[in-house]
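Have a look at this one before I ask anything.
Letters A, B, C and D mark the chains in the order given here, with residues in each chain numbered from 1 onward.
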Amino acid sequence: MSAAVMRVDAVRKRFGGLVAVNDVSFTLGAGEVLGVVGPNGAGKSTLFDLVSGVRRPDAGTVHVGERDISGLPAHRVARVGLARTFQKLRPLAGLSVTDNVMVGAYCQTRRKARARSIAAECVEAVGLTHKANEDADRLSTGQRKRLEVARALATGPRILLLDEITAGVDPSGVPLLIELIHKLARMDLSIVVIEHRMRVILDVSHRLLAMHLGTVIAEGDPATVMRDPTVIERYLGRSYVDS
Amino acid sequence: MIANSWSRHGPRVAALLVGAAALTILVTAPGMGGYLMTVVITAVLFAYLAQCWNIVGGYAGRFSFGHAAFFGVGAYTTGVLGQHGVNPWLGLLVGAAFAALLGAALAVVSFRFGVRGPYFALSTLALAETLRVVFTNWEFVGAARGVMVDFSPGSSLAAFQFDSRLPYLYLILGLAAAVTALVAALDRHRVGLYLRALREDETVAASLGVDCQRYATYASALSAALTAVGGAFYTQWLLFIEAPTVYGVEISVAMVIPVLLGGVGTVWGPLLGSLALAPIQEGARALFRDRPGADLVVYGIVIAVVIIYLPRGIMGLFTPRPKVDQPPVAPVTPPVPVGAAR
Amino acid sequence: MLYAQSIVSGLLIGGVYGLIAVGLSTVFGVMKIINFAHGTIMMVGMFVVYYAWRALGVTPYVSLLFVVPLLFLFGVAVQLVLVERVIDAPPDQQLILTMGLSLFLLGGAQLLWGADFRTVDVPYGNAAFDLAGVSVSVPRLVAFVAAGALAGGLFWLLRRTDLGRSIRAVAEQPDAAAAVGINLPWTRALTFGIATGCVGVAGTLLTPFYYVTPQVGEPFTLIAFVVVALGGLGNPAGAFVGGLLVGAIEGLGGALLPGSTKQLLIFIVFLLVLVVRPQGLFGRRVAL
Amino acid sequence: MSVRYRRRAVPLAIGLVTVLALAACGGEAGDSSDASPDEIEIGSIGPFTGPNAALGEQWRNGVTLAVEEINAAGGIKSLGGAKLKVLEGDHTGKPEVGASQTERVVQDGAVAVLGALESGVTLVSSQVTERQGVPYIVPLSSSTEVTSRGFKRLFRIIEGSDAGARTAASQLKELTAEHGLSAQRIAVIHEDSTFGTSIGTNTEKALKEQGLNVVTRMPYNAESADLTPEVSKLKAMNPDILVMSSYYNDAALILRAMQQLDFNVNAIFGVRVGPFTDPKFHQQMGAVSDYVFNSDVGMDEVSERGKAISATYQKRFDRPLAVLALYPYVSVYVLADALERAGSTDKEKLTEALRATSITDMPLAAGAIKFDDAGNNTGGLSVLSQAVGGKLSVVFPAEYAVAEPTLPVPAWKQR
């Protein structure tokens, strides 16, 4: 594995009395797909928020390459080359699919024509070309998930954070999304994936990070983590059945 | 889909309609009687103001309910400086600068403290009301007496005063055309897209690299400055201003209604809205001259009917949305206190 | 003594502000609509009180018996006939619909009844008593107490009754509420009716010491906006406390500030609250 | 689907254009002025809707009554018995609407315009007539600026606020001196719009010129729901005379607060308080508004004509006559008189006739109506009236007085 493209060191976030993320550290290698698992409330999405600048960590640092991005506002983080999707679907409702994606594309260029062609590529990459001129709020859940990816992709990231992109999607649509993640991994992106569906996480991840109550309880290759007694007890337990 | 072609052409039809109306005004203006001309000047002024509001209220999604604050700053700066011998055009520029500062400050403060949606609307209302109270009591700006601009006979563009109404009409038409061109350019430009993006969802926009605070501030300052220009025009046109009028809620409301009726965040909506409203308002007033109040009844009904049948405003007629095959999932936008994240 | 008097007077009128704001806030909490016609609807109620007194000699407090049901029904009708049709439209479109309604009522009132000033002249209109050197106006005290009682009753209704639970469910999770069989339009209509009923009470309590004209409601709408935002939109308890607060601030401002700048104090407090607590003093967390 | 949209859009588009075109054509109508018209149009610009609609309603009544009377009496005789016809313009309290409505009535042939109640609108609306050479009669706007602009065709019936304030101040001084009352500490309170501020500041100045001691001048917002705090503040200053300028609701709130706080002064002295010279106000307020003085343009209640008008007005509008209706009423008569003398509707001749106005038979307790060069009515002096037992009477100066002033005023608790 080559040098880390992202290094997260002991980040912490507290909401009132609750420590949502407690001294979480990990690294992300180039071209790696890192899976993050954990029950609801484990702090996974908050971790994404801290890394992507949506929220500011109380402590700890995040480095992208050699650059310390901790505490940078989200729009600066995006321009450093770190893009994300959101767990709760947030299409820019009044805008068409293309316009949604173009917002991200302007990270790479200020020229409209160029942004448009980047957007077209990204829309194509997620297979939404036939919906390109539709308003974003007209898409189905699966299509919205793909729009999220296209939008993030258009910013020209080196690192992509995908937050439960299969949640709420019809099971028949899941293989399509798995395929998409593989495709993204082949595009030389380093990816962090939050997932609940074991089928997906085992299929796509190179390495796994298990969280519980804001802390990392296990880390390593997927098979090992899945066998970790703590993980099984805390999280998988009775429900180690593919959802 | 056929509907798509219509929706593509829709804005053009709207533009054509507005253009035809503007041309009609332009051509018939010299023959207009004083009454019609005054009505048209008022209507075009408020169409202009609606378009100014549209930049921040429509595109940037900051529903301001106190744009009278900027209007009043423009009107008062021009008027008060004029009393001290400053040329009104200079007064207009200074007023626009003051308003831009105020608009920028409003945007920065509201961004910093996460004041959004109805809270933002109400805080702008409070801002305008604050200025109204201050200006009513502030001796330097004439307090409750208001500001009277001396009328100096002799038309002159340099003095921003004209003997006849016609130059005022051309001037305000020019301003309205200019701001519409600006909004049309914005609509196609990256910044316009950024504004629409941050209107829909600031967190998402930021995660896509949009510096929301910066662009919201630009929009607010620009809108405020242009609104102040409208205020300066008002001063020079009527030659008298007083705080309850120029900082009044009624001015703010009059800027908002045409936009909402015409179509929020569209280039032609505010103009279509004004184009539809002015004749209705004036017509109802003329029709029910002997029954004061009846015109308000009619006006109220028209507003309600338009909103009920055209929930996206008149522009909705021109850009219809085809029926969806599946009901879209209700967009979930949890109330994220953006300011808290900083 | 001056300050005590000002605060007491302010609190008394603040109770009425609070009552008006409670309705506004409830409607916002459930429908996310800022009802611009709120004060104008109060005006309609005040005219009913006036004519009941004028034509039938009914004293204002008695006319509560029919003004409240009447305005309740009116509110239900407004919701069912008008607002329900735009319930899925953006909030600004809903706002302008209520503006249209406000203009309609204003114009209609003038058309029907004329614009002249009217008073309901009742013996207790000027009654007052002395409380440790502070003079307390009887009709205002009645208004204050009734406003407090009604606000309390409303919280009880929202917290402890099935209807209240439905209303809160609709406010928080409309989809889920519909899924468990709550009739959304009907619940919303009842909510709107309750809000207009509240404002009917406020209007009735105002009439013994206030003028009745078609324009009487508008300044109250603006005050109620500020009150509601101060207390936290969609939080009726906050709205009532906000009303008291605005009343007290206004009273103090009247006594302290020079010129006619007393409202300045309200706006300054309001802007400060927005800066410190953007979601209002009592926030949305305890909404409804 | 698109067809359906098109079906809705196209008529709408056509409709809009048509409306606009019609509006454009409609502007051309009516500016004929025959040699001997059957009807003479006069403009009346007032706030018939909007925040001051209640005042505008009285304005309308006054104008209507005068026109009806004049027409019933045979119209303008020197013009072949031509009847007066009112062209109304509702300015809704907005200056720009005032301008357009004035333009409209002038364009529709108004030979003169009455306007516009609020001083702010009057200032804007009278520019229109001045430019067009049409005479403008101001029944009620008392702000100093109205007649200080050097306009040649503007005639104001009501006394300007500066002159009115001087009159009021001297009346106050004489009255208190005559009755041996202390006027050492005078408090001035006024509503904060142009109207109240103009009167209030001028009164303060005039009182000081009279050598009287003004302890405070306090503006307040007339839209307040409660004025008890302001009144408490005044009470704490312990004034012996309270001078006030108010609209209706606020006047009622102040008086009620005074009674409630048992705040007694030697006299409550209104300057141009419309409601204080409105019998309806006193009917409504009962004992609370008893004994208030008001220095205002008043009605001559001694004359037969004054009595007759009050009765007619009450019968016609089911409401007592007040100054707000009386002045527009008188203005129509002033105009009719000028038309009669001019024998023409020509703007120049009419303006000349107005300038030469000298009317003594109006039911005003103020002497002959005559205009100076600025257009101010030199005879428009204010009289002092007082309400006792709900009845309003002129008490000063002696020639118009129908009653003796009741002084000192009984304390609230003694009523």
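Following the convention adopted for this analysis, a residue touches a chain if its C-beta (ideal position, glycine included) is under 8 Å from a C-beta of that chain, and two chains touch if they have at least 3 such contacts.
Treat the numbers as computed from the prediction; the structure is a model and nothing was measured.
The fewest steps needed to get from subunit A to subunit D, moving only between touching chains, is 2. The minimum number of touch steps separating subunit A from subunit C is 2. Across A-B and B-D, the chain pair carrying more C-beta contacts is B-D.
Once CA atoms are averaged chain by chain and compared with the all-protein CA average, the nearest chain turns out to be B.
Of all chains, A has its CA centroid at the greatest distance from the CA centroid of subunit B. Taking each chain's centre as the mean of its C-alpha atoms, subunit A lies 41 Å from subunit B.
The distance from the centre of subunit C to the centre of subunit D, with each centre set as the mean of the Cα atoms, comes to 34 Å.
The distance from the centre of subunit B to the centre of subunit C, each centre being the mean of the chain's C-alpha atoms, comes to 30 Å. In subunit B, the positions touching at least two other chains are 133, 136-137, 292-293, 295-296. Not a single residue position of subunit A touches two or more of the other chains. Residue positions 48-49, 53, 56-57, 192, 219, 221 of subunit D each touch two or more of the other chains.
Screening every pair of chains for touch gives A-B, B-C, B-D, C-D.
Residues 63, 109, 113-119, 121-123, 125-127, 129-130, 133-134, 136-137, 249, 253, 256-257, 260-261, 264, 291-304, 307-308, 311-313, 330, 335, 337, 339 of subunit B are the ones that touch subunit C when the two sit in their complex. Interface residues of subunit D, counted against subunit C in their complex, comprise 48-51, 53-54, 56-58, 191-192, 218-221, 223-230, 232-233, 235-236, 248-249, 252-253, 256, 259-262, 275, 280-281, 284-286, 288, 319.
Interface residues of subunit C facing subunit D in the complex, by the touch rule stated above, are 1-2, 5-6, 9-10, 12-13, 16-17, 107, 110, 114-119, 121, 125-126, 128, 135, 137, 140, 209-211, 213-215, 218-220, 223, 247, 250-255, 259-260, 262-263. Taken together, the subunit D residues at the contact with subunit B in this complex read 1-3, 5-6, 8-9, 12-13, 16-17, 19-21, 23-24, 26-28, 31, 48-49, 53, 56-57, 60, 88, 90, 94-97, 99-101, 103-104, 106-108, 120, 123-124, 127-128, 131-132, 143, 145, 149, 192-194, 196-198, 219, 221.
Note for the complex: subunit A touches subunit B at residues 49, 52-56, 73-79, 83-84, 86, 88-95, 99-100, 102-104, 106-107, 110, 112, 115, 133, 135, 137-141, 144, 151-152, 154-155.
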